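Consider the two complexes below, in which subunit A is the common component and subunit B and subunit C are the respective partners.
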Partner chain A sequence: MSEKPFFVGYLPVPGPFRTFLVVLSVLLVAGLGTAGFLMGAAQDDPGPGAFRFDYGRQTVTGVVALTPYPLIHVTQGNDRIKPGDTFMMTAGGKSGVDSRAIPLDGQLAQVSGIILERGELYMLQVRGGQNGLRAAEGDVPAIAVEPQGRWQLTGEICDGKCLAGAMRPGRGLAHKACANLCLLGDVPPVFVSSQPVLGSEFLLVTGPGGTRLPRTAYDYVAQFITAEGNVTRHGDLLVWEIEPDTIEVVQ
Partner chain B sequence: MSVKYTPVQWNRNKWLYDGVMLAGVGAFLWIFLYVTPEVLSHERAVNPQIHNARAFGACAFVMLTVILCIGPAARLDPRFLPLLYNRRHFGVMTAFVALTHASYILNWYFNFSSSDKYVALLYANSSFGQVAGFPFELFGIFALVCLLILATTSHDFWLKFLTPPVWKRLHYLIYAAYFSVVAHVSLGILQDQRNQVFTIIFISGAAAVIVLHLAAWWAERGRSIAAKDGAWVEVARPSEMTEGRARIARLTNGDRVAVFLMEGKLSAISNACAHQNGPLGEGRIIDCLVTCPWHGFQYDVRTGRSPAPFTEMVPTYRIRIHNGMIEVHPDANPPGTPVTPVPLPAAQRSKEGALA
Partner chain C sequence: MDVAQAILVVIQAWGIFGALTAAVFLTVGIERVDEDAQGAYVFRPLLIPGVMLIWPLVLWRWWRIESQRAGWAERYKPVRGAHGAAALLMSLGIIAIIVTGLSVRQEWPGDTAPVQLSDGASQ
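Our next item is the complex of A and B:
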């Protein structure tokens, strides 16, 4: 009677098993390599956001305005940042610049830092302490705030810094916890609209009446939602005062 | 088998096993980390930290899938049994790969805030009341803890210390870990992924685990042949026995008994190896000793005892031939109890002799 081979780990592998195991080993290594390729090559484009270290450190002067998230309306720019530009500010890591910006609200200030850029979305990561944000002398021009009416928008609430390029990808549900941490650290939240609003895809998003983004809205961060609220234009930046009661998840 | 504890009892097969597994894992990671960035035509690359985290996370999932496929594959086809032999090393490797994934995530997504990153991990997302946006990281933490427990207790010291039944139950955590990983991926990266290739691989892997387990369960069900006649359980006809091999019967209490034919005589022992509950009845008699197909632990079929100096023991069973059927009594003897073997009927012995 022919005896089927039997494998015992501490004994030599029976002859009939050897070919099978060699083929299996090759298939296993090749299969894992193929899986690595397919899964690695299936990653979605994280978008064009990035720290622009290649631009070098940017130092400009402008008017600090709180929305309540701090903005800078540039009055004296440089080769890259022009007078009239308005952009959001953030500190290093997952922190905003509120503690430094609040005393300078409505005043002229010099800001210095590195640009984060994603298409039309700009943000400045300012240097630490007074090197990054300090009072400047000069006339303070009036900054126009233009109401744009009530809008119902569809899109995603993100933290502005990761979205602008601190992380790639810097949006989506896999990034939600990171986005929440940024928002809790006072990094300005940004709404990515599915359709351009008055020519812009990105809007700074706040709570109603110029308050911070309500904590109830954090549950909807990184989800595809629709909501209503008033839009105002601060310089060349749109600010949307989202009303949390109107938020609905879009399937 | 050993009478003392050593970190690893290396032998040639274990070196080869680990070498093949390391080559596979190395191929996966090297291609994911260094080849695919050249293939992706993104304007700006995924952050290296996120890319690394994805590579190690995907690798851990694939490794876990392979590990969970080995068991049922070996049940369905004994040629896969060598993959079972050193599976624990593959498991420990998986725990390290998963830990590396977690480290990248923790030191990137949960770092740089004013909070401690471990604290941030627990409070950053508290959307427990919804499916989309649920803090899927918790599933990952649970799976990682399971894998680390399994890796830590994978050594035979813990098997002996915890006792095989407790150790075996503890190591069923691998299934909880896998389900948790599936939830972790489903509620996390899968929610964002637009390229469906990853989704297809993920679903195929999880489906393979389920299908193989169902197939093994079905085959096992078909092989169970226990029938009860009074207090005794019918196992097989004498003509169905093969020298050096066993027939397995499932008792009414769920235990399995392996009835071996050795040198023309029948003996019955528990089907569960004292080492890791391996199926002794699927093993062979080598040098007059039942040899477990999983790790080669050996027992004297007449006593249920491992040969000296080893001390492992399994229960034995009383056996008889009644009305042309081999029967065992379902009450197990204490492990290591000698039982006199029952000779096959003379006609059957001569048939066995002729066949041999």
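Our next item is the complex of A and C:
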């Protein structure tokens, strides 16, 4: 009869099998741990973007302006959001606030929500319904829109919400599908420039002539590209009207 | 055509050939290579996804059995001989895909400066 060891679950493990089991277990744990470490170490830094629940709910008043993506030019701020600031807005999940902002275009509105912040970029995730965005009483100041000329920029188109901190990472190729879903849901697209443009690294990006970002540009979201278009300053926010025909992927 | 489009075209072509293979094999071929399938139809739609996935293997085995190149017992014997090599290749392939994905990436063009092509009206 063969003396070949045979494993039976309810009996002690035979000697040769015990050695094999220990070696395999150690290699498996160490191998998977090493693989996980190497894959994690190979990832890009996701950056400092985050929901700032620690700031608490922010409520400010300002003028709604459509670029066509809705902006708020703050007229009455608070401790964190100062009068004169201009910021973008988003709703919960992968959706924008267009349906609520369009009726208020050019009017004074009170906006309330949670800040998403990544360095100098921030936007507000507004509360649901009229608690998040509703008309306010008061004089409506004129908002300056200053053309800044035509620029060739290099960088990456992202969705503003994930980039500002809703996702980590909120940019890069691994995030492309999420970014496009956000853009389809009317979250404002943001261009991350390779170097600051007129002092700003982040620009709201639209289509030519104040249209929405063309669908043809969605194919280039999350890739490093170069393109041309006019830049205008809305309050303290730069808006880049990207021309899809000029988009080229950086090699 | 970029890499993503090429992958999509290959997947679509694979699916189309798979669907055609499934249509022909499950209506004509299966009865010719397995007499137990004669007169049995309800189970055939269940095989469609599998045939679409491994249609080259289906065609190869159909041809082997139909042309009598395989012994009678082979039609009941799954193709296991290459399983070890296939598992090894798939494992290496997964590792290669991960390593390639992590290493072949665009580099952030931090050295490229913005270029102003024309002045704005306010400048």
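One rule holds for everything that comes next: the second predicted complex is superposed on the first by the 211 of 251 C-alpha atoms of A that agree within 3 Å, B and C clash if a C-alpha of one lies under 4 Å from a C-alpha of the other, contacts with A are read in each partner's own complex, and residues count from 1 in each chain.
The definition used in the following text is that a residue touches a chain if its C-beta (ideal position, glycine included) is under 8 Å from a C-beta of that chain, and two chains touch if they have at least 3 such contacts.
Predicted, not measured: the structure shown is a model, and the values here were computed from it.
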Legend entry - Residue contacts on subunit A - larger count, subunit B or subunit C: B
Legend entry - subunit B versus subunit C as contact partner of A:Val250, first or second or both or neither: second
Inset, instruction - Using the superposition on chain A described above, determine whether A:Leu173 touches subunit B (first), subunit C (second), both, or neither. - result: both
Inset, instruction - Name the contact category of A:Gln223: first (subunit B only), second (subunit C only), both, or neither. - result: both
Inset, instruction - Return first, second, both or neither, reflecting whether A:Asp45 touches subunit B, subunit C, both chains, or no partner chain. - result: first
Inset, instruction - Based on the superposed arrangement, let me know which partner A:Val23 touches: subunit B (first), subunit C (second), both, or neither? - result: neither
Inset, instruction - Applying the touch criterion given at the start, work out whether A:Trp151 contacts subunit B, subunit C, both or neither, answering first, second, both or neither. - result: second
Inset, instruction - Could you look at A:Ala135 and tell me whether it touches subunit B, subunit C, both or neither (first, second, both, neither)? - result: neither
Inset, instruction - With the two complexes superposed on chain A, say which partner A:Ser193 touches: subunit B (first), subunit C (second), both, or neither. - result: second
Inset, instruction - Check the residue A:Leu11 against both partner chains and state whether it touches subunit B (first), subunit C (second), both, or neither. - result: first
Legend entry - Intersection of the subunit A residues that touch subunit B with those that touch subunit C: 39, 42, 173, 223, 249
Inset, instruction - Using the touch rule from the top, collect the residues of subunit A that touch subunit C in their complex. - result: 39, 42, 146-155, 173, 193-197, 223-224, 226, 228, 230-232, 249-250
Legend entry - subunit B residues touching subunit A - in the complex, by the definition given at the top: 11-14, 20-21, 23-25, 27-33, 35-37, 39-40, 42-47, 50-51, 54-55, 58-59, 62, 66, 78-83, 85-86, 108-110, 112-115, 120-121, 124-125, 127, 129-130, 132-133, 135-137, 187-189, 191-198, 201, 242, 283-284, 286, 291, 293, 295-296, 355-356
Legend entry - subunit C residues within the subunit A interface of the complex: 98, 102-103, 105-123
Legend entry - subunit A residues within the subunit B interface of the complex: 1, 4, 6-13, 17, 20-21, 24-25, 28-33, 35-50, 92-95, 165, 167-169, 172-178, 180-182, 184-185, 218-223, 249
